[in-house]
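What follows is a set of notes on a single structure, which appears directly below.
Chains here go by letter, A, B, C and D, matching the order in which they are written, and residues are numbered from 1 within each.
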């Protein structure tokens, strides 16, 4: 079939118009499957078949999932598919089997963010009429481009003389680090020899390609819930067990977790909610926090200290606390042998001005679950960045991508995949 | 007209069924005015006429007020009255002029609480079918009884040989300390010689009367809003100005405000909300707190230290902070000369088992605004408690009153008022 | 023998010149015993005989005790006595037996403070040449006057027609709350019917007498020692267990112990020492703190919360902590029946301008151990204040007393004791 | 003259026996100058001539300096020299002028630590009778070896065919980062083309040579002194301005200074002293802390945040604070061109088993002041480590060096210097 540049652009805009947050990519998955049905695939895994059920993390409550499911049910062409996705089994794994040869895979992520998209005059989605139709949600990190790139590469490989097996993992719930693990453990990755992954932008302009991210931070999202006892703050403050005091002590203590000799660590409490009224000792307070480290071990060091300090702060005030791990992602680095294929492919392109062999990644990414799985089985993995001029920062209302990046990314990755299959590093 | 005991009970149940929170007592006021219209009043002040507009405190946003107004508009007998109440001018001042004599007043409060009423089998409002019809709100402090007592005393005085002027202040927004000041400064209190106020229960059983509360804590409700800068907690925590860290430091510091040589002080942060997500440095965090003191000066000491510490904690983290006074109430004690009339009246009743001359009040009450106003003008004031068996604590879902208390309170206060008018202490 | 006013003044100056801190009052005791030898006493208890050995609190290490002992050994008239005092058995109980009648006692304290006395031109001890000869130590609370008053009253009672038994307890180590308990439990108090105690000054000028202190705060002195692990703060901060961080968290938490519904509480950390160098994670840190309460129960509430918070703060940072009770004193109030005798005696004097029947005492005093002992056995106790113009505050380098107070105190107490013995309230 | 191995060992033991802390190396300098007098030096700079006076940091008070000076005065061969050193002008710069050629320098440090040396049976200085004679002080970091190596290399160069100028900087006060800056700015470094510096041990065993340290942390030692107001903690805690509370808040806040995107940072409070007694609100409290960073800019970031937080914490409690910079050292890395000469020289030696081209240095070193000075003027610098088996860790009572290291270090450095002078990288 072979997508044209304008086909890719149209696809991206279609996905952009209907952003869905983590584990609620029901419409996105339906649209994706509609598109995949046009390919001559050898297999398409959706629903429970695409995941290791219990490895899904940061899964929302049914109350949060169901309204998104109901919305798509009304418009879906294939109600049977919707049922398969129910309960948060979004995403898909598409497989092309082209005879003997290596198993090569591409992983792209598909979820959006709870951000209200700007309608400013200089925001192309607004002026070109493909702004988010799900008010309050937005593709503010470029995953609309990622899913499009996934389709584009699949199309190009299908049209090529590729020999071997090619799989595309359309992964949900990357923003919550929720979906990487369950796809990594789905079984579909077990025979993969070479895994590519891609992100657009990340402060790299159109024309840049970074062939191989290294040093993503391992990360754990944590919640801490303090349980105490309420009391009238005027009459009998001593009858209370004050969870706001306990949480405050915990926060001060958490940010003071010692820096580590072995490398970079991070800790944050990014959200807090507690108590009910100014004159009542707060019975319950919750923190949303995270631990990161330059290695998985360093992340565990922070996570463990986080838990210890939360419990100690609760003790100090006669409260108790629960700490829960919401989701996490390990550290995994790109293999330079595989990254070299991306670099070579990029250097051959006229629309690429600059190729960086590697870049450090100061944030976290749950593609690392898939990368480590492949690497642990003896395979190679590479996570690349294809630069794109983005007017606003990632995760802000004015974020947008330069759509010429779609061609660059599809072309670079396709060439790298073909070369990899031929040369098998 | 003369209410019977069962009339009073029916009135109380009618008010109980439609609880409305502070400044949103639209239906309550309409129902009250309907009832007052049956009296031969010399004046009835409602709407702006009942308040010093700018002295109203803790007034909700229009978004919070309007739905309550719209709800009553649909059912109100007198749409003109509803318009007068719009914008939160609830409550009323009823005046009987019975010739020469002292000006005596009674103040009762009329607002309810944001508490979901229990529907347990042993909760009489549930079994007797007058449970709250405004789900999530409840008369959980007995103000439904208070407004009934106000009507009952007005009725009894009207039927008596009382000589002088008698006023009943039906005050809104006591729970937020919002309405006392604006009624105190409305002008209607300026000629009052003797002011009575009453509360049911407060851990005193049916049969108890406390003739004169002393030592209510002066109180200030405060909010502190911290403004910082968000940043990615993994990539660049140093770019953030962390309001959750600042708020945590402030809380630790606030609870450490030194105890004061001159008497009891209290400080609390009862509610906190801040930040958006675990991986983002929190841009804004808000605290809801309070300062109390055994005297108004001690409350100011805590309030001032509260502000200083919030600002310092903001500075420590490169943030700024706004501290706002939401509402407050001063200290005012009952005058023993006036309390003696209540005690004498109570001792003469067969339904009163025990009369206490005074009791300390560990909490706060904005009746103190009215009491101080009268006392500063040379008058006398007395705040009494009429005990009632209450199955649950005040401000809990199972709170209820023993309805025999309505007669006890109406009788005691009426006798005390009549004796006061005759003897003028 | 009968001391004249100038005798009393000379005695006070002699004691002033040689201030000795808690449990190290060796020279003071020797001088006192020299003086007591001139009386015709029926018993004199010194050394181990004056104390319940194990009830002594806040006893210094031998290293701190011995240099003071050695100093007096060189000058002492009676080396045998010095041996009896060794190990911190300072103070004395003097007994006069004058036949049938009640057992009446007076308790005075004898220790000084680690404060360097001023040598300013307006400081009489400096200009009159009786400034402290123990540099760094000073009678800065008037106990030099107290021991003199004890001798003066003993002398006056001896010269009077008193019938009964009279005892004077010269108590050491009041400043550390160390000596009250061991004298209370020495056995010598067991038959006492009436106990008087006295303090000069306390912001009352010459001419004031306060006949009966009430509401002294119950108090506990506590130390908390945090044990952690040191580490190089640059190389490997994560290897440390940071006791300075733990102590800081504990302090913030301690000052936030909730105020109590039942009355006044106090908490303080008045001294801290920890760590060795800026570039080393601190292995050990110690806090010196205290808990107080309006009642003994309230003090225990604070003490218990103090311990809990110290241990929790240690846990938060992987440290351990020991909390030790150094010394304590309970609450005990003066009995008004006995205070009336002091008030009457004071009112009869021309050198007393004003008599207060009672005063609240915002601080702590270990005379309460003796008072409670007597009260628990059915006796009566009264702690009085005799005003004195004092240029500097108590516990400051410029403190001094108006020596005319010696006569006032001796006269008032002697008369009160004689009247008590006669009338037996 | 040419030192033998046993000469070097004897020298090291002589220095070991008389450890002197920062700026008090009076005896060490005298002994050193005695030794240098045996050389045919072209210049010897001592006293004020060796330093930029105002650039000296962390200089002790005269009270701390003078006793050390007096001690050496009694034994010194050359009283005139002692006078030159008075006031903390310790150390020396020795100069050999051997005609045309580059100016090459070696910097060694000479100070000891306030640590009590062990007298355990397995501690060679104890068994071989050269344990510290200055009880409480110890050469616990190997600077006794460093000064010996400085002499040994000077001797070897003097005996060689070296052409150019050779200088040895015997720098005082490295442990306090006090002496590097004043020697760097003394003028004697201005013409230096190549600067070598050396440290023994640092967890590298005998046989290791690290040719070029990189990434020493930039460091600033800071003190923060809080000034408040004392008050009686029972009577009137509200009259106090509590510096212990302020310091505790500051500490919690300091450890929470955000990690930085640009690299490693460190913060520590390693010592605290405050207050006087448990029952007094603490009037003054002092912290000894430090800020470090992977770059000088990162160190400044932490230093600035340190100051901000100290002042804010003081404000919170009505206190004031002074923050003082005691001393500091910048970041400077070894130049690989120069390090190559050390590596080559080491590889040629039979007593070297392993040569590392570079190593990261997790701590701080004020040799960086001299290195940056040379580098900023266009020269090259290299800081090397010569491994030594050390039984205890650096800065512990059981630290010792393997004396064979003296030969290895002298040999390696001499060869590197000779090659450098010949080849001029």
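Methods note: a contact is a pair of C-beta atoms (placed from the backbone, for glycine too) under 8 Å apart; a residue touches a chain by one contact, two chains touch by 3 or more.
What you are looking at is a predicted structure, and each value in this text was computed from that prediction instead of being measured.
J.: Determine which of the two chain pairs, B-C or C-D, is joined by the larger number of C-beta pairs in contact.
T.: C-D
J.: Among C-D, B-D or A-D, which chain pair copies the contacts of A-B, with over half of them the same by residue number?
T.: C-D
J.: CA centre of subunit A versus CA centre of subunit C: separation in Å?
T.: 69
J.: Could you please state the distance in Å, as a whole number, between where the Cα atoms of subunit B are centred and where those of subunit C are centred?
T.: Roughly 49 Å, centre to centre.
J.: Just give me the whole-number Å value for how far the CA centre of subunit C lies from that of subunit D.
T.: 50
J.: Pull out every residue in subunit D that's touching 2 or more other chains.
T.: Within subunit D, the residues that touch at least two other chains are 235-237, 245, 249, 252-253, 255-256, 258-259, 261, 266, 281, 362.
J.: Write out the stretch or stretches of subunit D touching subunit B in their complex.
T.: Spelled out, the residues of subunit D in touch with subunit B are 235-240, 242, 245, 249, 252-253, 256, 258-262, 281, 301, 308-309, 311-313, 315-318.
J.: For the complex, give me every residue of subunit C touching subunit D.
T.: Contact set of subunit C toward subunit D: 217, 219, 221-223, 232-237, 244-245, 247-249, 251-252, 255, 266, 268-282, 285, 288-290, 292, 326, 362-364, 395.
J.: Name, in rising order, each residue of subunit B that touches subunit C in their complex.
T.: My answer: residues 252-253, 255-256, 258-259, 261, 264-266, 362.
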